Structure formats: structure tokens, C-alpha cells
Amino acid sequence: GKTTPTESTTDTPGEDTPVGTTDEFEKIAFIVADMANESQAFASKQFQQYAKDYNFEVVILDAKGDAQAETQAVKNAIAQGVKAIFVNPNDINAIIPALTEAKQVGIVVGMFSSDLPADKTDARDFFVGVNDNMAGEAAAQAFLNKFPDGANIVEIGGQSGHDAQIKRHDGFNNIISGTNINVIDFKATNTWSTAEAMAIMEDMIVKNGDEIDGVFCHWDNGATGVIQALMAADMKDVFVVGVDGCRAGFNQVTSGDQSVTIMQNFTTMTQKSLEMARKVIDGEAVEQQNFVPLDIVDIGNIDTFTAPEW
Amino acid sequence: MNNFNTFKKLLKIATKQKAFLAVIAMLVIMLFNQTNFYTSYNLFDLMNSSSILMILAFGVTVVLVAGGVDLSIGGVMVVSGIVVIKLMNNNIPIWIAILCALLVGAVVGTINGYLTVYQKTEPFIITLGMGMLLTGVAQMITDAHPIPCTNPDFSKIANGKLFNTIPHLVIVMIIVFLVIHWVLRYTSFGRNCYAIGGDYEVAKYSGINVRRLKMATFVLCSVVAALGGVMLSSMLNSGSSTYGDTTALVVNCGVVVGGTSFAGGIGGVPQSAIGLLVFGVLQNGMNMLGIASYIQIICQGIVIAGIICLDCYGRKRRREAV
Amino acid sequence: MSEQLNGKKIIQIIFSEYLVLVGIAMLVLVTAILEPKFLSPQNLNNVMRQFGPLIMVALGMTFVIIGGFIDLSVAGMLSLIAVVTISLIEPLGQVPALLIGLCLGAFCGYLNSVLVVISGAMTQAEALFITYGMSVVYGGLALIFSGGSTKQMSGIKADTSLFKEIGSGNIGILSVSFVMFLGILVLLYVFQNKTFMGRAICLTGGNKTAAKLAGIPINRSIAFIYTISGFMTALGAIVLFSRVTTASPVIGKGYETNAILAVVVGGTTLVGGKGSVLRTVLGTLLVILMSNCLNLLGVSVYMQYIMKGAILILAIWLDNRKQL
Amino acid sequence: MEKKKQEVILSIKDVSKSFPGVKALDQVSIDVLRGTVHGVVGENGAGKSTLMKILSGVFQKESGTVIFDGETIKNTSPIQSMKSGLSIIYQELNLVNTMSVGENIYLGRFREMDGMRGTHTKAKELLESIGCTIDTYKLVSELSVSEKQMVEITKALSFDSKLIIMDEPSSSLTADEMKELVNIIHHLKEQGISIIYISHKLDEIFDFCDIVTVMRDGHVIDTKPTSAFTRSDMIAKMVGRTIENEYPERPHCVGETLLEVRSLNTNKLHDISFELKKGEILGLVGLVGAGRTEIVRAIFGADKVKGQQLFIDGKLVKINKPIDAKNAGMALVPEDRKLQGLVLPFSVEANISMASFEKMTKFGFLKRSTEKEIAERQVKALGVKTPSIKTKVKSLSGGNQQKCIVGRWLENNPRILILDEPTRGIDVGAKYEIYVLMKQIAESGGSVILISSELPEVLNMSNRVLTINEGRITGEFNPQAVTPDQIMEKALGLGKEELKS
């Protein structure tokens, strides 16, 4: 039979050609945190679209939003004999043992969208992505810009315990605390559910009434619910900030319902990731941390951005 | 003669076991595809990735055989996984931390058991509630942040490999398998589980201490789930409240797919292992074949519904055939 | 029962039969004291609207549980119907989209019943896993159909007034969705208690073999059970996406547990045969009020899980105690 | 038999017990002597089973004392009573269907039995000692009703009992098995073990009971040696009135063919063909497991068949489901009333009206008043003892439950009434009523198929008897012109053997 990838040097000649590679393309794997999440589904499409440009053939593995499934996906990629693995992690700590194993057998490991903890970066080769902390910070900045004299705002979090939710919350509060902007209410959701965001917003309106000057919602589709709740309560001048820059966010900013969306550019992120991997495989040195800048999109500058495809 | 009998027995199991046939069918399909499926690395990985669910499934099997059901195992797994890491991060020795985590399982199991057995509540719904409650507890003690483990030795428990090939996790799974199999088949406790699952009243009138026994099955199941949680935390080297989302349903489903009856009294851990393997092989095989995620999801659903339907259909045919 | 109903008796009945009412009363009382805005018209209006989607699904689930089965497929089904219906508004127009959505729900439900009937699944457990499998299938179809992305009603260029009305319209002081609920409640109540099929469903839940041998068309009643559940899920999906104006392919997540929770906390037993849609209304009210109250009291989402679990356990426990 | 010192082993004094709505036992006092067979008879609902359940610790008595083997028994539990030497074979079968015969016999005593192998060895010995050859590894669910009954008896024997209570053990035994049981009972008696024997079959009572207690409506009416009773005396005491005959005269206006079954085949049945005439009662005789139930279930559309043609009034009818059968004018009273007949958590009313929806629905809507009428009519007509029609059928005694099922079908005026063991566990009075009903149906132009394991019943009630053996019809008789032996010969399949040899 075939040899295990762990003993990668013992391939005997005359056996079946290794399945991992075809003549032209090298096989790589992109491990998606959750294909039911549209931003990540979009990212995976980008990988499929651009892989060939870098002489790669991409396998998409879905971790289904589950940290355990994600380590399994990494191991599955190892078993498939891929050259490089890109991971969009569900849980940055939980993924480390699996990635260490991948690196041991000589696979290039790239973190996508979220980086490993600072002291564990040797488990990967490079990181490309936005920093969700920065997304939170950018949102905070948008509020500071809008309300220099201070304001009362509420925050609606994404799925509680989710990496992006945690970082957006932390980044946001790092900047906001100590300023004269008061976060008078915060609540995370059970899942990234628009309906839940809407219900929370409705209840926050009841509780805080007209005091609310602004809302930071962790994701644009959640902001859709927030906007519905505000409209139903006839609150027009509330400053709504979302993250993602997806089609919903774009539309809402264009129509004036949402004030700001913090946009992450998955196309750039993907291309950069592929480029990095190509370089590492070809033996070139690369920058370890590559932040793709976030754009603060509002009605004033929205025309300068191309409308997102997701 | 003896050989022939064993063969016949195997054949009987095979025709009765839809799950077993499904696994075989998938293995055969993978034979005809050019993938790395049949490498020792992948096969061990397949076992490894099914191991934690299998461990949980073996515990659940005991409860199901005794006529109960436990949907709180996901919650137990998560909480005990967090407890073990929190304790170790406070410089408590590994073994004591693990014992404490198992204790958490025992406590939850005792509550589940007490409520279902002594308060005669519906276990299905009570354990569902307990699962929700535990998820909340897990979020509260971690503030919904994943907590990495600072003790470097802990990760080796699950991630190490014997002879550099057999993952420790698989060994742990096999030990749990053997122990629970022995308990169910060859001990008074195990046989009495089958009795109370088969007919609770009859067992009661036969002098079995049905309450204590049923209670014990819940405790056992939760302790095993806690062990699963410890292994999960070790494998991931971190603890988080998000790990156990759909675990309870998937595990119970796997056990039933394997052929352990929800009504109680029928089944065993070998069946459960096969039931879980169905999911494991399917997932691994489809990943190997590069099947798109959404299609994979649909296939999984079809396999679950399909096997259960076939199983029911077989039973219906048997009912009609007598 | 034609016995005299005096005050004491009523209280006794409430405590023994409708403990959920006591739970609701306590929840209302505590929240109203801690947060007086709870009783504001605006909040009551919110509760009425938040109530809409879940009650539809839970009413359907009531019949499934009375019939001795269970339906986990509502989660996937709800997602599928929501993304399909919302996508059809633009190409086909509102009324056709609405009708197709409802038909799709009924069809998916019917499909479940066909599987259950053909395979001869007689127990709740078998049905549980078959419908769980189907939930995964429907969820997968929703993902494929939508390509994983959220469908926006606001992004649709077609006329969506009908759905906007369902989502946020009012009839007098009642929301449109609430009026829909009232109408359907009456229909379902009459169906359960005054029609042959309603009785057949109860008998099926009580003892399938006996019902069959007595000439009750149990296959037809199973078909009814699941088709109703599918149809009601479709209504729930429509009310839900009309309210939030978007439909993501995982929008239905959690609806199955919440619906079962609502039915069971209301007092319909999982054993089958016994229960009522009215109980489900109370159960749903409790579930919805709980999250509303916790939101108002500013309790974190963790507590919400804990409270939900605890109330579920408590409700069942207390309910059982009085039966002992 | 020499007269041993007649020592009282069990003394029941002034025991009372009530359930919601009924006083099941009222100041009951009975003494049971060591080494005797003590019969207990009484109508359905007389309180026999309730009393026994109090003795075995399933129910707790409200007042009175019970002294067993010199010790006063308070709040006992089933296991305590078994360990103290009092075991019981319940009226409803009490075995775990999903487990093997051997494990069932030693249920809960796995440890004492030295594991699986010990369990099966000992079980096999015990079964053989009473002449039973059931494989101990077989699952109980695969056994026939009578085999299950034997296993239960074996289980009771496996305890070192001083007193064994048998609550209608014979209701599903064949004649042969019954003989075996009688042997066992004699054997136990010789060892000084006492037996409380409950039965509705008076033959048995007179056959081997030493002392008989008659109960009625929760009271003990009389206790005296069997020899001091006459049959009619005992019946009179049971029902509180005198019944002249146990069986009414059979119907005699047999007309042309009503139902014809042609080549009915299933996995168990082979080429079953027979006719049923108008106004006839057709008896099916066979050993338990012969396939009688299968025949009627197949005709009724309850089971899948490989092939059959059914003609009613000479016209071919298609019957795939029980509803078709119902619409064709058939009615089936199944053999297992709890599992197949009743919806236990529902009211008497709902259970009786179950098959009459055509009558009580209009455009699919129920007419509650009609439903009430139907239920009240049948409760009255059949004399169902129930506090009200809203009472849950679960709390009725076995005989009254059976009457509810019969009533359900009678409301439909069926032309073909199929009764599968209709009198199992039913008292003399109720039995007579059911016989009269059968006769009425037959005389009003319908026909009855009667399955019963009680040969006298079939012989006395039917116009014609078919014997069934291993899924085949082996003979047809006029019951007035044959002896029971001739019929049993065919039912045992002996005729075939003789032909071969």
C-alpha cells in the first residue's frame, strides 16, 4: 500500500503516483471555520477562484463551526498529502496541536483571518488577515469621530464565545473605555442570528428609550435587525455601526439606514495568502504577519469601493 | 463447526446491522477511488477523530440500554473540559484536575439520575434542559473565552502516539470500550441494565433495585462524558464553551444508528462503535474525495435518515413476517 | 366536569394543571418590579411580535407530540423555506412566493410523514432520528440554494408590502402576526377537539396498534401530523423573515429545541395522546417572556442559557411532583 | 393422603383497599393452609388481583393485617415478599421481552447465578424438571403466549417459595400444557408448598383445588372445601344470582355463504381456504401458535398477505387495511386487549366510540352528543362496570376492558364478528353475556368466527369447527357429532403422521 505521509521520504518508486499532486498543480487545503457563515463561504469561493493563478489546486474542508472538527480537518488535510494548509480558526488555541503536527510533516501553514496567540506563532508560517481587534477598534474610532462630545451607545455582540465576537468586543472596549462615550448596554447573541439581534435591540430600546445615540453591532446582517427595531420604534437618528462590509451592510449604508460598516476585503486576503504560500514553498522568506487593512465605509466614501460580492 | 457457527453469527449480525453494512459499503467505495484513504496515517486519524464521540457514545449506550436517554453529555463534556484546564492553570496536578473533572460529571449525572428516577421526570427533556444549563455555566466560568492550557504535559495525554503510530486517544477509547463492554455483558450491573430497559416494571418486581441502578447509569454516562471532555481538552489543549454544540444529538444519533434501541433493552457498545464509525468514515471519505461541504451535509443527513428508515423498515418487515 | 367552580378550586386547578401560568406570573411580577418598563405598551408590543415565529412552529409541533412523534426537522425546514420564499419574491411576486413557501412547508412535512410511514417508524425515538436526518438534509439544501449567503428582503427590488405588513403591520393594537396567530389558534383548537382527524391524531398518539385495528386511518393521521407541522413551520418562517427582513440559510437554528421546550413546558406530555394547543400558547409565552425579561434585566446571554435550562427542569419537575 | 397438621401459612385479616371511585377490597379475611391449593374465584373486578398484589407488595393495604409464615407483614415490596417465600405469577405476563428465557428466570439474580453460563445451565435444568424444552437462549419476544406462561411458572419455582400465587395462569395454556401445570401443582403440594390459584375456569377449580374462596365486589362471600361446593352453587355465589346454563343454545339458522376465503398465504399460513355461512358460529381450534390469530388478522387486513381472495356475498372484496375490513362489515376483537385493543390513557367513551366515526362525524366534525350516546348505550347493553363513561379505561378490570372493545364493534352492527380469545380472563357471568351476543349476531343474519383455547367453549358454541395445525387447515367437524379427542387429534397434527406411516 501507500506510505504514511509522516514517513514522507520512504516513497518507493514504481508505486501509484501520489494523489496529492497532479502534473501542474500542487494541492493545498483551505479549512473554513464554518461554511454556513457567508463571509467564510465567500472566502472559500475566492480561494477556488484564485488558486490556479498560483499553481495550486485547492481542497475546501469545512469545520462546521466546531473546534474539534477543525483539528480533524487539519489531520484530514495532512492525510491527503497537501502542500499547504490555510486555516480560518474557530478557536485559535484548540487548533495549535493539529497545526504543529502539520508543520512537523513539512506542510506550510497559513493562518487566515485570525492569527494564533502571540506566544504560539511558531505553529504557523505566516498570517494574513484583518485583525478583529482592529475591527472593534475601527468601530470605536467611528463613534469617537461622530460623537466628540460623548454619547450613550449600546453594543450587540456576535455569537458568544466565538473568536471574532471576542476580539471585536475587546478591541472596541479598549478604545472606548475612558472616553466620554458610555456603553450603557451590551449583549452577545447565542448565534449570529438577525432575529436575535433584533429582539435584543427591541428590548434595549424599551429599557433605554431615547437615550441610545448609537449602536455597535458586530456584524452587518445583525445590523439589519437592529435597523428594523429602530425603525419600528421610530428612532431615526441613531448611529449604527456594523462590521463585515457585506452586501447587506453596503446596501444599508447606501440607503442611509446604517451609518458605518467596517469592511474586510476577502479577495485581497485570499490573494495575499496564496502568494505567501507560493513563496514559502519556493523557499523565499516572507513577512510573518500580514494585516489587510480595514476600511471604514460610510455614505461619504462608499462610492470609492467596489460593491462586495457577498 | 465452531468456525462455521461464528461465521453464521457474523452473517446474522451483518444482515441485521445496517450500520455495519453502510461502513463496509463506504470502505469498498473508497477502495475504488484514488485517494490516500487507505494509508495507516489516515486510518488512525479516522479512528482518532471518532474517538471522543465514541467515548461519549459508550456512556450513552449504557443509559439507552437501561431505557433512559441523555442529551446533557455535550454540556458535561464542555464543563469538565473547562474545569480540568482551569484547575491545571492554577497549578493543580494533572491527575487531581482530571479527577475533579470526572467528579463534575458524577455530580451532573447524579442530578440527572435523581430527577429522572426519583422525581420520575422525562429524561429526554430533563437532560436537554441540563445541557442548556451547563452550556450557560461553561460560558459563565470562562466568560465565553476559550482558555488555553498552560501545562505542557496535558496535551500529550491525547496527542501522543504509541510507537509513533497509534494515537493515545484511540487507546483510551479502546479501553473505555472494553470496560463498558465487559460491564454490560458480564456483570450483574450490566445484565440488570438490560432488564430495566427491557421492562422496568418486571425488573422492579424481580427485585432489582431499579432506581439505584438507573441512577447509576446516568452517573456512569456523565462520568464517561466528563472523561470525553478531558480528552477533548487535552486534544485541543484548550477549553471552551463552544465545543459541545451539537455533540449530544450526533452521539445519541450514532448510537441509535448503530442499533441500540431508544426504547431500551437492546444494543451494546460494539453497535455504538459501528454507528459512530458510519459518521467517521463518511466524513473522512467525503473529505478525501473532495466533495463540497454543502453536499457533504446533505449526504450526512441522507445517511442518518436512510439508515434509521431502513432499520425501521427491517423491523416492520420482521413484525409482518412472523 | 360540571362541578362547582369556586375560587379555591380554580387555584387548585391552576396549580395542578397549569403550573406554567404560575411560572409566567412570577416572571412577570419579578421583572415588573425590577424593571417597570416591562409593562410599557411598547414592550408588550415587542413581546407580541417576538412571539410570532415561535408560536407558529410550536403549534405545529404540538400535534406531532400529541400524535406520539417528534419533529426535529423544523430547524432545517424553516431555513430552507425562508431562503426559498424570500428569493421567489422578486421573480414571481409576493402572493405566488407566499403560496409556494407554504406549499413547500407542507410538502417537506409530508415528505417526513412518507418516510415515517413507509419505514414503519412507530416510536418517538425512531421519528426523532429520521427527522433529525431530514433537518440536516433541508439545512444542506438551504445552504446550496442560497450559496451560503443571506438573502435580503430590503435588497429586493420587487414589491414586498405584503411581507412588510406581516412583519411589522398592525390591525388595531394587535400586530398582523398576532392576529394571524389568533385565527390559526382557533382553527387548530377546533381541529383538535371537534374533528375526526384531530381525534384520530390523539388516538394514534395513545396507542397506534389499537387505533389501526379499530379502523382509524393512522397513516393518514401521521401524514396530517407532519404536514401540519411543515405548514406551520412555513408560516413561522414567513413571519420570521418578514420581521427581520432577511433570511440566512441557518435562520432556523434552535427553533426545534425552543418549540419542543414550549410544547412541553406548556404541559403536553411527550408520551403522546394528551395535550392541547392552548397549553402550547402558554408554554411559548413563557419561553418568549423569559428572553424578553432577561434582556430587559440586562442579564448576560450566559444566564439566558442557564435560566432556560433551569426553568425547563423546574417546570417538568414541579409538574411531575404534583402527579406523584 | 394422610391428614397432616393443617397449619395456617398465610392469614389475611380484614384487609381493605380502595381506588379512586371503587372500594376494591372491603374487610377481606382468608386463611390459607400449608400444602393446599386454595382456589379463588369471582367475577371480573371482584378484587382478586388487587388482593394478590397487596400480598406481593405491589400495592399497599389500607387497613387489616397479613400474617405470613408466622410473621406479620407490613409494607412489603415485591422482592421482600419473594425472598420471604411468597412468589406470584401475575395476571398480565411479567417477562422482559428483550432478554433470553434463562436470564428472565433468574432476573436480578445474575450474581448469585455465577454469571451467564450458570444462569442458562440452571434455567435449563429447571425447565426440564417441569418437562419444558424451550431453548434458554431464545428471546422471550420470540415465544408464544403459552411458552411465556411456562417461563413465568418456572421463574416462580426458581425461588424457594412456601406459597405461590397464580393469577389466571391457565388463561392461555393448551390442554397439554395445562396437564403439565396440574402435575407441577401436585408436585409442589407434595413438597408442602401452598398455592393460591385464581381462575375463571371452574373445571380447573373443581379438578385440583382443595379449598375455594368466592369473592364478589371486594367481599369474601364464602370459603369452604371444594367438595362442599356444587358448580351451580359456586356460580350463584360469584354472580349473586343463579345462572342455569353456562352456554346458551347455539344458533341454528345457518344460511348460504357469507364469506369465502380462497388460498390465503402468508409466511406462516399455507393455502387457507374456507367458507363462513350466514348465521353461523365458526370455531377455530388449534394449539397456541398454530396460526389461528394469523388467519383472522390476515382476513382483517392487519397483516401483509402473499395472496388471498376474499368474497363476501359472492363478490370479490379487496382488503388491505383494517378500515377496508370494517367497511366490508367485519369486526375484530384482538387477543391482547391492552396492546392491541385499548387506548389505555383514554376514557371509556373514547375507547368505545373508536370504530364508529361514521356515525358521529358530520363533514369531518365530531358530534359529542352522539359519541356520548354510543358509549352510554354500549356500557348499558354490556353491563360494563365503570364509575362513569369519562373514567379512564386503564382503571377498569380485565373483563370490563374486554367488554369495552366488544361494545366498540357491536355499535357498528358488524356482519362478520371475529373474536380472538374473547373470554380470556373473563368471569362466568360476562362470558355468558358474550355468548349471547355471539348468538344474537348470528341469528340476525351475521356470522361469528370464534378463536378460543377453551375447547368446551368452542364445542358448545360453534356450528362448525376447523382445526388448524402449523398454518394449515387439517380438518372440519360438526362439534355435535365428534368427541373432543377426535378434534384434538387433528389439531395436534396427528392425522398427518398416520397418513405418512
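Order of writing sets the chain letters: A, B, C and D. Residues in each chain are counted from 1.
Everything that follows uses one rule, which is that a contact is a pair of C-beta atoms (placed from the backbone, for glycine too) under 8 Å apart; a residue touches a chain by one contact, two chains touch by 3 or more.
All of these numbers come straight from a predicted model, not from anything done at the bench.
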Which chains make contact with subunit A and with subunit C at once?
B
A correct list of chains touching both subunit A and subunit B reads C
Using each chain's Cα centroid, which is most distant from the centroid of subunit D?
A
Applying the contact rule given earlier, which two chains have the most C-beta pairs between them?
B-C
Go ahead and note the Å separation of the Cα centroids belonging to subunit C and subunit D.
45
Whole-Å distance, subunit B centre to subunit C centre, using C-alpha means?
30
Between subunit A and subunit D, what is the gap in Å from one C-alpha centre to the other?
71
Touching two or more other chains - residues of subunit B
139, 144, 261, 293-294
Specify, in ascending order, the residues of subunit A that touch 2 or more different other chains.
35, 160, 188
Could you draw the chains as nodes, link the ones that touch, and say if you get a line, ring, star, complete or other?
other
Chain pairs that touch, by label, are A-B, A-C, B-C, B-D, C-D
Interface residues, subunit C side, partner subunit B - complex
72, 76, 115, 118-126, 128-141, 143-144, 148, 257, 260-261, 264, 269-270, 300-313, 316-317, 320-321, 323-324
In the complex formed with subunit B, which residues of subunit D make contact?
56, 58, 78-79, 82-83, 90, 94-99, 103, 107-111, 115-116, 267-268, 303-304
Residues of subunit A touching subunit C in the complex:
35-38, 41-42, 157, 160, 185, 187-195, 198-200, 202-207, 209, 221, 224-225, 228, 231-233, 246-248, 251-252, 255, 310
Residues of subunit B defined as touching subunit A within the complex
34-42, 45, 48-49, 52, 139, 142, 144-149, 155, 159, 164-165, 232, 235-238, 240-243, 245-246, 283-284, 287-288, 290, 292-294, 296
Could you list, by residue number, the parts of subunit B that touch subunit C in their complex?
69, 115, 119-122, 124-126, 128-137, 139-140, 144, 249, 253, 256-257, 261-263, 293-295, 297-298, 300-306, 308-313, 315-316, 319
